[in-house]
């Protein structure tokens, strides 16, 4: 099946392929009366846009968004918001080899096995280019939850992590790596250059935090806030792991060390720790909501890898198209968008049931 | 909101509280004509059942399942299958303290913040007792995908992992820890006894593998097989992390090392590795589907922890009810059930679109 | 497929067969804190209950409802509410003939064509007995919208309609026909006795009106209030037509006669007519919401009708089980329940988007 | 709320306003490998297109559809199909009066009551112009069920019905009224001219029949085939009633007269009647599926009607924009499209559960 809609009451549907004429999203269920023009969306797309440094793919896409419906005189009307981004820099000729052979790590073989054939140009629908539509939709979601502030950053590249002691949120926007640690950013520059030159690629870990989320958001049991975040993040291209709060590390803690103890605060409880990442029983606690996401290294590499053709014959393939040496970097704005989309949906769900 | 239904076309809805008269699941969308009686479900419930060793809670629940609808003369009719399990060993008096104070790590505060009040007895709806209903539903799901074999095991407890060299699937059912490594099982016995005696608790990591999944299952983009598995596992009580395949480890690999290269095989491609956990682009590749899940240590401990009362006053709480010293152990059959439920749904979704 | 869930955020799932051990509903998404015990549900079930007069089936079912989850100390907790009604007066032996031959007008043949076989006892899942679960769920829905008053009545039986001039709401509960016109009730008594004695059956038209619905409920475009009501009513057994407001009669009006003109009122507009049945553009206008529903005559009759066996041979069948001579009569409480369920869902949907 | 998606596994989402830059649909869940280009869609849009005769609105819209995603080399890929139609002949200045006063029969007041404000130009989202997107999506749905033949026609205008004895399917495409009775078409021409000249409008009844539907499609209980058709048709602008088969007429029949008796046929049962409209228990019987739909007279009329302004003051309004004198006529291709969309969805749902 194909399920290109996400969300329960604040829903978005994306469409489009890497080398088709355009891609887009339809956002449905948005509250009316919110101020919305293209200018509210474009800055987020610009963060994710390719071709802005030598550390990302050299495909040149302006990623200009158009709002085709759902607003009137600069405000949302409560009807579906259609967002469209044109593709302008396709180079489909790069992909002739991909038409006949399967790139390991890509969805080529799986799509063929499922659908019988595929749009092989740039990965077609399985391309991370689709995430532009999510980022556009996410910009609308942010308007629904103005009290929430969402920040994502790259926490590690190729196993080289930031030093938490160096964390400086101001740094995130000052380097091409969404890196909050200036020293790490300098190291990553060297690492990525080297990986690119050797025809290789690197993985990354993205962290994302949302502050200002009130206690009480979450829809137990099968649309828990953490469950929805896990689904949202795992649906991003190249993601292989999701953690809430301390994640896998909690499996090594003892109960008394993992307990987020409380004491009376000015406005509800004051928590003495946040191992849980701001979520208990699938419901927000009022603490910062924290998620970590693992991105695999870009599967498109210039190193030849054994594979098979559509006809089942042995061959080797290396991917000559333009690609990110570390796809996780541009994942940061995408994780932010998914966080916004989940929280907006949960905010409205909470209002539906609990007023 | 409350969303107690999971699945797209093979759907189940669970209901019930820890100390209510019963709990259950309604399974909807099951194909007709499958042989189904209580005997097909009970063995899976028995695996998860409490009170069977000193390493789990001493609550004595027979967890006898009744099929109330959806079968006729021992076969599924295609109509909803209502499954009910009665609660017989509630001891609500243990929970008088919980009524007024919030247990850190539990959903007590979050439920109150969301709903205004809560059924505090045994955690009410937020109790892991609800997972019995999932296990029952999962047993039905297995009948839909008889070609698939699903096995979960405990991979680590309290940071002490099995030795992969000792992996022996036969061992899993021979100890109370679902442990495939006899030596690790012996160590865990000592660890858990110690944790229990000291009023503490331990976390765990569960691994689950499904073999026999054909290439082509998965519903891109927002119901990808890995996205659905992540949602399914993260909805289980106490889970804080989910990995597909190598998970967070891939973030440290280089592209050429992460590539699951292929060569011609007898029946489609033969893969030379499975870093991806059997899923590419959200679609199964025909390789084993692999997921790892992190369980936090049981939040109910006999060690006092600072907290606040409903009225906002400072207090301490320790949880005197009967509890698992390591809730992750009994998570193994639950992860298996969720794997079965996701795969059954994806199998039918695939058939819907692709025949 | 099988889709036994209705609703978007206030959802219910029903299960059970005519001759199984029980039937029930799980209500999910109900707001917390509402006062709810079995006593809030039972009166509505009693209205629909069989065996209370000679004008309905003689099957004796007490239809006692039990609440198995979702409440605590007499209030809803926001978690799923499981409602169960036991079947006590099955007489499956009446149905041996139905096992092998298809009753015209019933779902027998269609179920076999779809599912390959069926629970033929009393029609199995296709029995109108399932509507008891809807009525129970509907009673919960009413608590969500206490400002709304819903009244259904029988408008015509066998083509003999009430006289609008005689309409007296007080009469509805005073005769076994939910008839607001005492003169018509007297005629219907004779008609139904005659139909029953001759082994025949009669159709009916039910009208239902909801007052107190504020302007603004409805979810354009594909969950419009009228669209949801149409789906809800057409899903009731034996229903073949649904009208909103003047329904088919508007097709004969001219535009100026159909216009529901407005003038300033004390509290928003005052409408000069209500041809539209209180819905414009799929959204409530604040006027009474009006729906009319056509029930076919009971298909179970004592008159032999030509049909075929499961093996495809010609035969005749007459239905010897206990049946309503006019199934539409007991449809009145069911239409009321569906109106309540749709309005509760729309009320919460409206709150989700528009606060 | 706003719910602009219809369908369960074959789903479509529409977007767009009457006077926005464009409108469209995203079709998701379509099987792969179907031959699809704009040429497969355009003829259906041309049937519904305005401005083709003096009996429809004079707004000149070419309604040229573009496929923006979901196909490759002329075939569907199984990914979402984005369809876009540009608006080219908006005349928003006609609507200045509508900005401040509510047109009776229109959604003006209801939208304001719900959303607080509205895009008043041409009715915004509530305009029947949105049905172009449905017709485009419906053309894709037809490809999913090539064995099914769907035909809609106008059965009555302003209370003047066709003579069934004159029914000639060939006539439907030969007059601007989708009228199968040449004599009725001649009468309607006069009637509509008169209505238009007098600033009035007329209602209509549309009938639609689908042949070739196999027995077994339908998803009991809350996505029954008839329930889905009722929702689909009632969601069309101006529709106030839906009937399946004989509809309201069955309420006047006796059981033995309403029974669709069967005898052995060459290929399953041969039915001796089709009062039920090809659906029993919510499942298709293999007979033609029949639906009738009532359209109210166009609410936009040149006759002044009392109403109120946004500020609550009394006024009169007549609608000076370009409008259809009988909106039901162009409803015929829309009802066809909705029939196709429901049947395609049910076909895939049936395959999901029953193989």
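Per-chain numbering from 1; labels A, B, C and D assigned in written order.
Here, contacts are C-beta pairs under 8 Å (C-beta built on N, C-alpha and C of every residue); 3 or more make two chains touch, one makes a residue touch a chain.
Remember, predicted model here, so these are calculated numbers, not experimental data.
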Pair with more cross-chain C-beta pairs in contact, given B-D and B-C: B-C
Please tell me whether the contact surfaces of chain A and chain B are same or different in residue numbering, using the over-half criterion. same
When the centre of a chain is set as the mean of its C-alpha atoms, what distance in Å lies between chain B and chain D? 46
Centroid from C-alpha atoms only, then distance chain A to chain B, rounded to Å. What do you get? 26
How far is the middle of chain B from the middle of chain C, if each middle is the mean of its Cα atoms, in Å? 39
Multi-chain contacts only, two chains or more: what residues does chain B have there? 1-5, 8-9, 14, 29-30, 32, 78-79, 114-116, 125, 220, 349, 352-354
Which part of chain C faces chain D closely enough to touch in the complex? 1-6, 8, 14, 102, 104-107, 109-111, 113-116, 125-126, 130, 156, 158-159, 195, 200-205, 214-224, 226-235, 237, 239-248, 250-256, 258-264, 268-269, 272, 275-277, 279-286, 294-301, 303, 305-308, 312-314, 328, 346, 349-350, 352-354
Chain D touches which residues of chain A in the complex? 1-5, 9, 11, 13-17, 20-24, 26, 28-30, 32-33, 66, 68-70, 72, 75, 77-82, 84, 114-119, 124-125
Spell out the part of chain D that touches chain B in their complex, as residue ranges. 8-9, 29-32, 78-79, 220, 348-349, 351-355
